[in-house]
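To start, the structure under review is shown below, and the notes come after it.
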């Protein structure tokens, strides 16, 4: 009361009334149930709405900081349970409830929040994002979990049993309570920032939905989604499915299962590598054998086993032709020789010989005949001549002289008369057997 | 472990080589090369696994220091 | 060993030559040339196989590997 | 061995000569020429075949030697 | 051996002579001349034939010799 | 031997002479001349025949020799 | 032998002489002359005939001699 007037200022009165609200032990923290009215979500701001029931209505304000913790999205007409305090807003003179927390009435608020987040993330497609593949042979595994829980022990045990060469690095985190979500997110990001990890396991043991709630927080979900490292999530028991499980790349029912998913069995892998090598040798051996068989098969062809067959038929052909040529040579020679022999044999001088003999015969004959004919002619003439000579002989005048006649010739003239004579003439007296000379002594003419 | 090619990639390569060779239709020279590569890979892989040391679990503190972590056998 | 021509190509060539020669209608001079080529190819193939086998054996020895080479592996 | 004329062509020629001679009635001088040609051809053919045989035998020997005693395979 | 007149023409000539002589009505001198011609022809034919045979036999012998003792084949 | 007049013509002449002489009415001197001619002709004919026979015999010998002893053919 | 007068003319002359002498009325002188002529003629005729015969015989002898001893044939 700064003013001594009996009249109070509105401000003074209002302050007074406000004080009455503020110091009232009941109104300082009340639990109120009602329906949301005039609710219009103002993103990233204080929320102004009313709560009402059938008969009454109260204005409500929820500051941004408090509203951020609401795990579900309030809607008009929704029945809600709120906690808060009643106070007066001096500027409007209206009293209102300052809501600290709000959860849905009826079904569990956490469940509601879970369903709402799941729906939201589903709508965003977060669950459908491609899952990252887990490296089969992680060198370094980051584990975000409680430092003291059984989870890390189970994981360590399993990894050492299976694949002791993998380095496990624990990123200790609160896994329960209001700070847990932020802590988990921080460690997920931390592991990602360091970067030299192959796999990230987040996990905690079983518990109530409240216990597991951090893993249903949107920030955790988004941290998992944003993680560059593939995330194995193992939260609660197998029946519990947290949002973290849904967005993680792999979900494991138990921490042991998570470790088994994260690492192989070293001896198995060594064995496998050995087997691969063995298979390599066998496959190579087989390949060589098959190729050897192929080559051997080709080599078995008679082309290689009996290459002479390549030209044998030619040998026969050539030999045949050659033999035929030789036979033909003999044939031709014989034929020619026969022809020549035949003609040479037929070329006989016998005809000519015969002819000569005939001619000689004929010639001899002609000689005989010419001889005879000639002799005949001579003989005939001789006869004719002889006959004439005989006749002449008979007629010879000398024959008369043999009877004593003689004749006188003078100078070869027969002297027929004495008148032809003169004395002393020498005359010739011719006798038959000779002549005599005489001299005319006298002439006596008669 | 190799630098660029991860163990897993090498293993996959080895598996691929084995598969291919076992299918039998790889030309001989290529098969031989692959075979040699495969054997080499398998050796490398084996060496990698054989030579890797067993590790102790570490705890990453807020200062990015890895400190030895003794799993406390305490129930939650 | 040849550089460019693969074992399979050589084998095919060899098979083609043998087929042609087996058909018997290759002129003599050409047949001779082909036969020569064939022998050469077959030698090269054998060399390739021998080398492959050597490589295999050596690698096996190096690896102390023992394979039961199924003495009679019939494929195909 | 002739360059341009193939073994088969020579063989055909020889066979043609033989056929002609076999029909008979080839005049002496022509027959002589044909016989001479024939003998010459047959000689050439024989030479070709002999060379072929020698070549093949050598090739096969070389090849077999290599196959049988491939303990000492030579690189090409 | 004659240059222009073939063996067969000579043979025909001889044949004509023989036929004429065999008919027997050839005048003596002509018959003699023909006979002389015939004998000469026959001798020439025989000579031609002998030469031909010698040539052929030599050809064939050379060829066979080469076939039998082809240890020393001569290039043509 | 006569050049122009053939054996047969001479023979005919001789025959004509003989015929004429045989008819007997040839004057003596003419007969004598004819006789002389005849004898001369006959002698010539005889010579001709003798020569023919000699020639023939030689030729026939040659021919037979050729047939029988052609082992030693003489070049012409 | 007479030159101009043939044997037959002489014979005729002789015959004429004989005929004339036979008629008997030839004067002695003439008869003597004729007779003498006749004797002369007859002598001549006789001579002619003798010569003819001698010639004939000689020719025949020569000829026969030639036929019989033609070992030494003389060319004409």
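Residue numbering begins at 1 within each chain, and the chains themselves are lettered A, B, C, D, E, F and G in the order written.
One rule holds for everything that comes next: a residue touches a chain if its C-beta (ideal position, glycine included) is under 8 Å from a C-beta of that chain, and two chains touch if they have at least 3 such contacts.
Keep in mind that what you see is a predicted model, and the values were worked out from it rather than measured.
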For the copies chain E and chain F, the interface residues, called same if over half of the numbers are used by both and different if under half, are different
Note, CA centroid farthest from chain B's centroid sits on chain G
Computed over C-alpha atoms, the centroid farthest from that of chain A is that of chain G
The distance between the C-alpha centres of chain D and chain E, rounded to whole Å, is 33
Expressed in whole Å, how far the mean CA point of chain B lies from that of chain E is 101
Per the C-alpha centroid definition, the whole-Å distance linking chain A and chain E comes out as 71
Flagged in chain C as touching 2+ other chains are 7, 28, 32, 35, 39, 42, 46, 49, 52, 56, 59, 63, 75
Residue ranges of chain A touching at least 2 other chains are 277, 281, 284, 286, 288, 290-291, 299, 304, 307, 310-311, 314, 322, 325, 329, 336, 344, 347-349, 352, 356, 359, 367, 374, 378, 381
Inter-chain touches occur between A-B, A-C, A-D, A-E, A-F, A-G, B-C, C-D, D-E, E-F, F-G
Contacts from chain A onto chain B in the complex sit at residues 135-137, 139, 142, 146-150, 152-153, 156, 160, 164-172, 190-191, 194, 205, 266, 269-270, 273-274, 276-277, 279-281, 283-284, 286-288, 290-291
The answer for chain A against chain C in the complex is residues 277-278, 281-282, 284-286, 288-295, 298-299, 301-304, 307, 310-311, 313-314
Interface with chain G, chain A side, in the complex: residues 367, 371, 374-375, 378, 381-382, 384-385, 388-389, 391-392, 395-398, 407, 413-414, 416
So, in the complex, the side of chain C touching chain D is made of residues 1, 27-29, 32, 35-36, 39, 42-44, 46-47, 50
Given the complex, residues on chain D that touch chain C span 6-8, 48-49, 52, 55-56, 59-60, 62-63, 66-67, 70, 73, 75-76
